[in-house]
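After this come two complexes, each holding chain A, first together with chain B and then together with chain C.
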Partner chain A sequence: MKLRLSIFCVLLVLAFGSSLLLGSRVINPFTTNETGREILFSIRAPRSVVATLMGTALGASGAVLQGILRNPLADPYILGISSGASLSAAVGIIMGLTMFGSFTIPLLAFIGAVITGGIVGMMGWKRGGLWPERLLLAGIGLSFLFSSLLMLIMSVSTDEGVRRAILWIFGDLSMSDWSLIPYGLVFITSGLFISIARAKALNALILGDEFAYSLGFMPHLERFILFISVGLMTSASVSLGGMIGFIGLLVPHIVRFFIGADNRMLIPASAICGGTLLCIADLLSRSVAPPTELPAGIVTALIGSPYFLYLLRKKDVLGV
Partner chain B sequence: MKKAFLAVLGLHLFFAAVYAGEVPSRIVSLAPNLTEILFAMGLGDRVVGVTSFCDYPEEAKRRQKVGGMSNPSIEAVVSLKPDLVVVTTDGNPMEFEGRLRSLKIKTYVFRSRRLQELPQGVRGMGAALGVKERGDALAEMMEHTIRRLGIKNPPERKRRLLFIVWPEPLIVAGTGTVIDDAITLLGGENIAAGAKGTYPKYSVEEILHNSPDVILIGKGQGHEDMEKVSKRLLDRLKNVSAVRNGKVFFVSDLLYRLGPRTCRGIEEMAGYIGK
Partner chain C sequence: MSSVSNPPVLRLDRICFSYKENGFFINDLSFIIGEGESIGLLGANGSGKSTILKLGSGILRPSSGNVVLWGKPINTYRNRDRAKLISYLPQILNFSVPFTLRELVSMGLYPYDISPPMTVKEALDMVGLRNKADSHITDLSGGEKRRAFIAMTLLQGAGLLFLDEPLANLDIRYQIELVRLLKRLKGERGISIVMALHDINIALQFEKVMLIKNGAVLSAGPPSEVLTDRLIREAFDVDVRMIREPEGKAYVRYEDNFDERMC
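== the complex of A and B ==
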């Protein structure tokens, strides 16, 4: 098991390295000139770091959510966090808000995500605890509400504003720079640490609340802690680069095929694989039709879904 | 055979005469550039409906709104009882035009999308709307400006330009746009010409590689503070020759619309390229 995890790590390093050096133009770090160095350090490096961070966050939160909601269809976006973030970011983009310069849109997205997470948490809270079904339904309800508000705003604004908003929502890594990375790193690593630390509790929660209780875990408390960790990771990831589909939903399933359903392994492995996949997707998104860039979110789904379907056909079950 | 030919010719002349002779009295415009052309041809007082994006001239804002360019409301148009609706192939859905015709509402389709097609388009529109002289005069003025500004002897080394429509996500003007036409007319080279799509999402790496001599940033609809929005992008481009030599200019939105003010936009651009 440790071996497989190390293989995943090696893959991540390889993906990260190739996303730095490959692309529409290949950069040789040893013989490069001024421009090449600049592209490497101030454009590709932050971009690959953001891709890794986002992929990590989405993969891990997908694994955690499928556990706490006991639902194989759960993904970080099902809680409505991303629609809240998209809504507030799109409003900012369309209205051309610039109060905090280039921090404005990521900040708006983060605020939108946190507020939505808070509402979902409140809705899911009943009789002194968080209930999986309530969380899920509250998330879906809010998602619908926010998506329709988003459509409403888009249908009454200029085509150009709508296009910008759509590009942002589909995931835009092209403007990643070092300035946002420290914040993203703090939120995402703390979320990741919390969820890995509580992985054992998550294993118990999946077996049912009574079972978890008998093993010495407080189900409601554990769910609350894990929910917070997911909220942190998802909010940070959406504000770093918009919505990237596929990773949160399907990467945990793919990883389960290889290393099984033990969350102590599953969460870190999903995180690593998510990062790897997004790095590769971002590399492809800027290399397929240069100098035009495609949204990375579309590429992740395009390369990931066929592979997932292949695995589904080949292997046995989709167990959570 | 001859008779039939004459009959067709006669019929054609008859209809042409009727159509050209009669200036429509209630016109609905479904695009901001068409609204501007109508006002420039002196038909402003006959325009009864415009889109919510028609903001020039000032008077156009006071006309009844019929919705956006891509989603005008058929009810709003019909209720204005227009005797002509002008639509453009550049932004209006053509199904909408078909719908209008099926409701027996006359339409005029403006097909010019590029700079070189503009004078001809204005001529055609003037003739069809019964103000041939004014249309011709406007078109001649445009042709004159285009001839005057056009570079006769292209310089040895072309000035390399990039026109940024929006910095984050980075959207630039590619081939097939009026902006690209203007750059070519002025003897410049649009570094984004190779990208797919008219307004492609462009790669920042490419700008660093191609290091344009001049960067123009469109000011857009005016409610955004473009200098603030572009700051982060320009910081990353600090080693590009345009940024290093202070040749980054914020330009008006004149070139976004193919109409009477386009020529002023070209003149403005010529000023920046020359600097």
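== the complex of A and C ==
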């Protein structure tokens, strides 16, 4: 297993390096001129770092959520966190808010995500703990509500901001810059660290609360801690670059095929593979038809879905 | 069952409990589980067997009364220390994540930082599943799945096992296989077993039987004293007859002759 995890790490390094150096213009870091260095360090590097961070957060969050909700169809967006973030960010974009400069939209998205996560948490809370079914239904309900509000705002707005908001919602990495990365890094690594530290408890929760208790865990407390870790990672990811589909839902299933279902390996491996896939998707999204950029979320789904369907046909990856 | 010959492992002392949702209650329940004892809980659906198992294992907290494990109140144990002493196997084993048997069974090691009492291989050996270590749990038969979870509880090393209807949904072969396995484990490792079940013939295999009705103990003691025509009729509201053969074996016969066949 550790060998496979090491291979995934190597693939991530290769994908990251490729997304830095390849594209509509290939850059040789040893022979490039001032313009090439500018492209490399000011445009591509922050973009690749954001892609890696977002992919890492989404892959790990998907694995954790599928465990705590005991649902193989769960993904980081099912809790409505992304819908809250999107609504908040879209309102900011359409209204042209700029009070915190380039931080304004990510900050609004983060605040929207945290508030939504809080509401979902409160609605999922009953009799001293978080209940998976309540969390799931609260998340789906809020998602519908916020998506409808978002559509309503967009349909009555005629501003150029609508187009920019749509681009942002579907995952726009072109606005990435270094200023946001430290904040994203702190939240995502914290969430990742917590998830990996509680991976044993997550394994036990998958079997059911009574098993988890019998194995020496407090199910409600563990679920709360893991919910916070997912909230941190998803909020930070959406703030960095909008919504990227596919990774959170399907990467954990693909990784389970190679690594197994033990979350002590699955969470780090899903994080690494999520980062790898988004780096490759970003590279393709800006290389296929330059200067036009495709939304990275569409590319991740176009690469990943056929492969996932192939795996599903070949081997039982969903456990059904 | 107020006294036991073996040293007491767990004591439930004047336990009261009720569910807020449906008002079902356990009132003034007391019993003792001795070291190495096997106790079968029998009762109609909804009589309180599962609730009693959850109260005994600490999953549910009583509204009054004490649950005492090895002389100390169960809620004073650290979670991991408690997990080394008591293991609970629920009735429904329902999850979709395809853990391999090895991954599942090794969860029994979670309460331990240091060397556990046995290895995964030994636990799988004991339940006869070593050759399926890399199979997905979702691919196993019902009987194999139950044995896999029992291997996990063995690895957990707990001396007291609460099993909630482990024979449910198993065909007769797997039922016999599982009861044999539990008997063997009890003999070899001195494990105490408390098991909720429905089959009166299987209950005859236990050292002690508790008949439960409406959240209270109707009768408790050796099967020969508890499993009588009158008490079974009282617990289940059906007519049965206990047949005891000269060589000591006993079995139950249903008195209803099912006048007409189901066609």
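Following the convention adopted for this analysis, the second predicted complex is superposed on the first by the 317 of 320 C-alpha atoms of A that agree within 3 Å, B and C clash if a C-alpha of one lies under 4 Å from a C-alpha of the other, contacts with A are read in each partner's own complex, and residues count from 1 in each chain.
We take it that contacts are C-beta pairs under 8 Å (C-beta built on N, C-alpha and C of every residue); 3 or more make two chains touch, one makes a residue touch a chain.
Everything numeric in this text was worked out from a predicted model, so none of it was measured.
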Partner chain in contact with A:L207 - chain B first, chain C second, else both or neither: second
Touching partner for A:G96 - first (chain B), second (chain C), both, neither: first
Touching partner for A:R256 - first (chain B), second (chain C), both, neither: second
Touching partner for A:I105 - first (chain B), second (chain C), both, neither: first
Dominant contact partner of chain A by residue count, chain C or chain B: B
First (chain B), second (chain C), both or neither touched by A:F217: second
Partner chain(s) touched by A:E160 [first = chain B, second = chain C, both, neither]: first
Complex contact set, residues of chain B against chain A: 53, 68-71, 91, 165-171, 192, 194-197, 199-206, 208-209, 211, 220-221, 223-225, 228-229, 231-233, 236, 239
Sites on chain A touched by chain B in the complex: 23-25, 34-35, 38-39, 42-44, 95-96, 98, 101-102, 105, 155-156, 158-160, 163-164, 167-168, 172, 174-175, 177, 179, 286, 289-295
Chain C contact footprint on chain A (complex, rising order): 66-67, 70-72, 200, 203-204, 206-208, 210-211, 213-218, 256, 260-262, 316-320
In the complex with chain A, residue positions of chain C that touch it: 54, 57-59, 79-84, 86-90, 92-100, 103-104, 107-108, 110-111, 136, 138-139, 153, 156
